[in-house]
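Structure first, commentary second.
First chain written, first letter: the chains are A, B, C, D, E and F, and each begins at residue 1.
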């Protein structure tokens, strides 16, 4: 299999029209193995907006990305064909559920074609329509890094906000709570509703205190145990990290993961049956230094390595 | 009539819990003549969000406001009772039209009690439900300062975005287009639809080139002529000003009004039959220096002077 | 005992006039068990000013705070009545000692009524007049988190700067140095005067190197041992944390505590006989991302949990 | 002639991979009438760098651009085919003259094919190799908006810095100084060398004081007189504007043109024989609010209207 | 007379240890004709602090300054000897009046030696001790550019705040109110006390509306008439300008002078009997773009030209 | 031996013309033992520029530095004479190799006089000409803290960029690769060329994963073992730290050293035969909070302590 055309990646980093990681823009799915996509939507937030500009800034900062991983020496762009399929084209921005329909429709052909989709949000509400687009035969597994369980029910008129995607996915039979692990959970809440939903439905909830006590390697092991050999999705909310690393986000909670811990955690997940993933809640208006977008772009690269290696690494 | 309790305004400006202009927080309408209100909503924007934080930052910056106008020596707080009635309590944030219902319900008792409401947005879509709340017996007049006519029809699933409020208000019989003047209009558009709607329906559209050529005094005269003795509302979108003065806004257009021109224009509108007004589209995440909020707070004070003088100035 | 009215806390976080943690504004001490207060004063700094705007920004950011602690599931607002009593009203801003008199006078009735006061500074010089207001029968204990011992003598014309409060408190018989622990101390000094004063007077000085070597749990144990069962005050200077977490401060020193360490340290102090506390040295002009205020607001919530639990937790 | 494909311009402004004004990316010159290009190079600056990131941020901000001009109702994208031909691919970044060779080579085929090139810098040194690429049969005319004449000789080892392009172009017989007008000149210099060179060689130097006294309409007339019917290039350094409008630039000088004056000046230049132009010296690291890039993007659109109308406006 | 050693000014602007305008640091008054000085003090402000960092940032930005004026071709550094005498060394920072003593003592030998002092503040309270240091035989004249008259009486414990210096100077017989002109005055106040004091004592108060109506040339004429041939001081508060030009200041008021108006006004004051001047109220923490410091540095250069020309211009 | 004149360091930190750590400016090498120097040059970067302003901002922030180390109680300023010898005066800024000649020429007399030079960059390309200036009799040792090995060969026209200094130094016989340790290496690359060069030539490459696993004390031991008793240089690129601590840099890579780890590592290097060092890649335009400059200034102080102690600590 031939790899990605990386002509553009040889340019100086300040040069060129920025696609994700400077891979080719490509809407012909037949040319791709892994599709990078943007979901510029923040209509599901409960506090600070701005994540609609997440894909643009992640693309900009991902021009700092290069090819060969310094630990594994793996080059995902050589292993398979990676392209930027652009952003979800929204037809409705003003009614949360209808915007979700736009997202679902955009991703359906990607998954139908058997491609891995790696998306940049947007707020976390986008993950539910992505799950709908996957339409798995049976509920899939999930590794979820976040400060919040996102299994709350309803807020100010909708059951589909960024606090609810995984509760909706369980209810719709798309997600298997018993094969779900949620890592980095913390922060006061007005009730214990979401935490309780996750726990009572069998999700493995790793509060930050446990994560810190046991360390990323042990938690990665725990994730592997929970997920098993099921097809698995990786959803990474940048507020899972401490806001000092990712200030540009909608609902920051102090006391989160460091970048080194997050990298170690992700690298511990090698070899699972990845079907897709997303990095969400990057809000550039709250990210004057650009570090949030840099972190998100780098974590997307790490996830790309995971996904590419799981399916395309030569034996 | 006794005036406003200004104990808090005697504190150093960095002190105290910030209400608008440090007037008393007060939800008993009977205690007030003029109600200052916040509408923390940006679900109607087409580009950059963030105006939901407008009321908070305008309140913060309005702690710089004092009482006595340096040109007129008028003190609106002595002339009548001014209070901060707080923010619209939203029950639905995720469906534009339902959020507008929340806004309408909040303002209905204010206008029903005969009070003048001076609001801080929020995006410009909020003005339509405020007009609904006024429910005037016959269409009222409007002075509208903005880069855009906001008489466009529909965008991405809704006819109620921040590009449409005045078209909807005309259609609903709430606004008299022949007693409407729109000042500061400029910036390329993807068609001439909105400009044409305004002009064909009889609104007086003052593009920025005419404004500059004739100056604020002449345009204020023009506004007085258009409005006549009708009850009149004043809607000020901060993007009517040049973005160098008000960078913190959703759809900036270069080449707008200066603050001195805006002040001169407002002062030229003294003596009209004001029923209310708003300052909208302050988006704090795009306002790192805080100047947008400072401008908005100062213009709210000028509008307060206009409104108070029109009804409460001693003969 | 009935708890706090939290109507306002149910609003979206961007909504409402911000009190600390959105508790009711309340100046009737009889209605309260714990009083939250602001001390907007930075006239005691030796380097960068701005902490006079600390209370305002902490109030703003504390709108992100919620009720139920994720580790303990304790809800301090249900356990007791918490209110925001506003800011110290200053009558003199231009002579350090007279401004301190204003602070002392404001807090005297709070402590006289037996209330716990939790204050947001302001620079660290404010703690001395708060100690004067407490006027304890005998010297009290102190847990002090900071980069500096604040036991220096005199600087540029005053013995009451933010480098001196605990030296003055010892001299005045308000603070028991032998029941004092200072945690996080670091950074070059022009002499060893302050360090020596603390050590020679019996304070337990935990330099950052010891803190790092032993960890927050061990140091919390040490603090419990030092404090014993004495009435104890908790003073937290945000420069005790690394400036990467709290850049908005007057005298940043690199190499400080992380947020996770600070949270662990505070949680290790449960059950002491708390009489009050403060979070100081938040300087918003140096905090463009707002993270310093977010950290301070969250730490105030943790301290509120500590204080409420120590006196109002049901058996 | 069919116009530009504007599918992408119908998307919400926060959506899509940003080309200049969201026109198609296109390297096939046969498909284009006007070529938009980026020159990400700042190796010729004398003070603050960063203009290498100019093209990227102008592309980002130009997503705010729309099609139809509000004064003329002209739509340049309908009148002709406009495409983004990408950035100059540099082979040498470390020797000023060799980098200029890269620029020259990139533009040669564009001009050889008879296309109009509208470029975004980069620092002002890029204009000299663009002139070399034009290789006109005889010296061409120039309208030059700037705080500086850029006709200084040599600085710190090179005669090709951003202070020298128009001196070099005159010497090389590419530019006719008698058909050159320089507008907005101001700011102290260490000698009068550059001013004198311009004046002694017959350039029409309009210092800002003359500009202000006579106004943009009169100066536009003056420019038309100087340029006559010669082929003419338009070079706009954003430091010609006051730094309050364009803070993100390398050598800001207070007291410059306003955006309204600049727009009026440009619109007064309609109907000249335009062969190309550039907007230079946008330095994003010094542009936290993004207003410099917004101004540059809008001025590029105005220049595009000028250029398209001069050659493709239907009679 | 030999001029200033400008070796350092030939360096690239980003190079070298920054003195004001890169003149030699020099504490030997005998070597100087004009002394540039810093007064890093903000203990007299009523709202936002930070001006203590004004001298440092003005020095930094003044590295952009060059020698030869573009209108007059005058080079002040050639005409006389200019040096940076450093900052006032404070012995008391915590009691306003004692800090003023430090300022007075620092400037006394400068004026006693017959030198012209041009100072960078610091807040506006510093001008009173500078007047004390001048100790003129009879009250001198004043050109004062500001949003505020600074003739208010007392605030929060002191009569020497930055709102009071010119009232104190009149009372002390140092300033002749009848030879005083105050330009740019505007903004609401809690009473008309200060305005009334100025007017009733014979100062010529030019509110911004008059300034705008008549223009800088006419107002400069008015200033010349008021001042006459008296020795005259020039005090420029950067809040006299619109905060869009000078956001980094303590008490911004919208609607102020532009930089072009300020430059025209200053240039209209050529030939008066200048004895000194200051630029005050630059607060770097509120100046993220640095434009305030750039404006202040450039205006200092213009004032230096005025002062040098008045005494050292060859006939 | 008498120590440094620290009069200026007794001033308030916001006062005075800033030299490095407020030591005397001094170009007479005979008066010094350790020379602090600035190298304001960023012509060797491959991505984001701005490091030319590094020396200025490090000088500014180093005004926060004091004298006595809190762990060792060592005062380097008392132990020896420390002065600021200013910045390299560049004669060529536009050809990388010629600028390097300027750097070499500036440092040659410093090393020839047997002084220790501690420099602030500038980009990392400056270290090669500093090595040339040292002109050691035999290849020296190196402790190198960085995200990148900087042993890549050639980029876009030069073999002397900031990615190449240590490869060039080895080739020139100035650096002994077998006595070189590189610490903190990480981040994807487009090939393994640089990593391989370092390893194949015998450098000890400590990737961040090894650093984290073993800790700073063990790695310091490893460094001591590698260096042995050879003369040794310390080169610290601030991108060795995580960009959350040092965002203001040209090529940030997430997942780096913390400040506490860096301090521990440096302190573990006490007693080596230090001949000089540098702190490079501080880019102030990307450092809005100033933390990068604060970190760099503090690390310079730590390095100064190391260097002074190694040669001037009394037995």
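By definition in this document, contacts are C-beta pairs under 8 Å (C-beta built on N, C-alpha and C of every residue); 3 or more make two chains touch, one makes a residue touch a chain.
Bear in mind that the values here come from a model prediction, so they are computed numbers and not experimental data.
Considering every other chain in turn, the ones in contact with both chain D and chain F prove to be A, E. Interface of chain B with chain D: the two copies contact each other largely through different residue positions, with under half of all numbers used appearing on both sides. Most remote from chain C, judged by the distance between CA-atom centroids, is D.
Chain pair D-F has a twin interface among A-B, B-C or A-C; that twin, with over half of the contact pairs alike by residue number, is A-B. Centroid to centroid, with C-alpha atoms defining each point, chain D and chain E lie 38 Å apart.
Per-chain CA centroids place chain C at a distance of 55 Å from chain D. Each of residues 12, 14, 46, 48, 52-53, 90, 93, 156, 244, 286, 288-289 in chain C touches at least two other chains. Taken chain by chain, the contacts fit none of the simple shapes, being neither an open path, a ring, a star, nor a full set of pairwise contacts.
In this structure, the chains touch in the following pairs: A-B, A-C, A-D, A-F, B-C, B-D, B-E, C-E, C-F, D-E, D-F, E-F. Per the touch definition, chain E reaches chain F in the complex via residues 11-12, 14-19, 25, 38, 40, 52-53, 55-56, 59-60, 84, 86-90, 93, 288. Contacts from chain F toward chain A in the complex involve residues 46-48, 156, 185-192, 195, 207-209, 212, 242-244, 247, 251-255, 286, 288-289. Contact residues on chain F toward chain C in their complex (touch as defined above): 9-10, 12-14, 64-71, 73, 244-245, 258-260, 263, 288-291, 294-295, 298, 301.
Those residues of chain E that touch chain C in the shared complex are 42-44, 46, 48-50, 52-53, 90-96, 98-99, 155-158, 160-161, 283, 285-286, 288.
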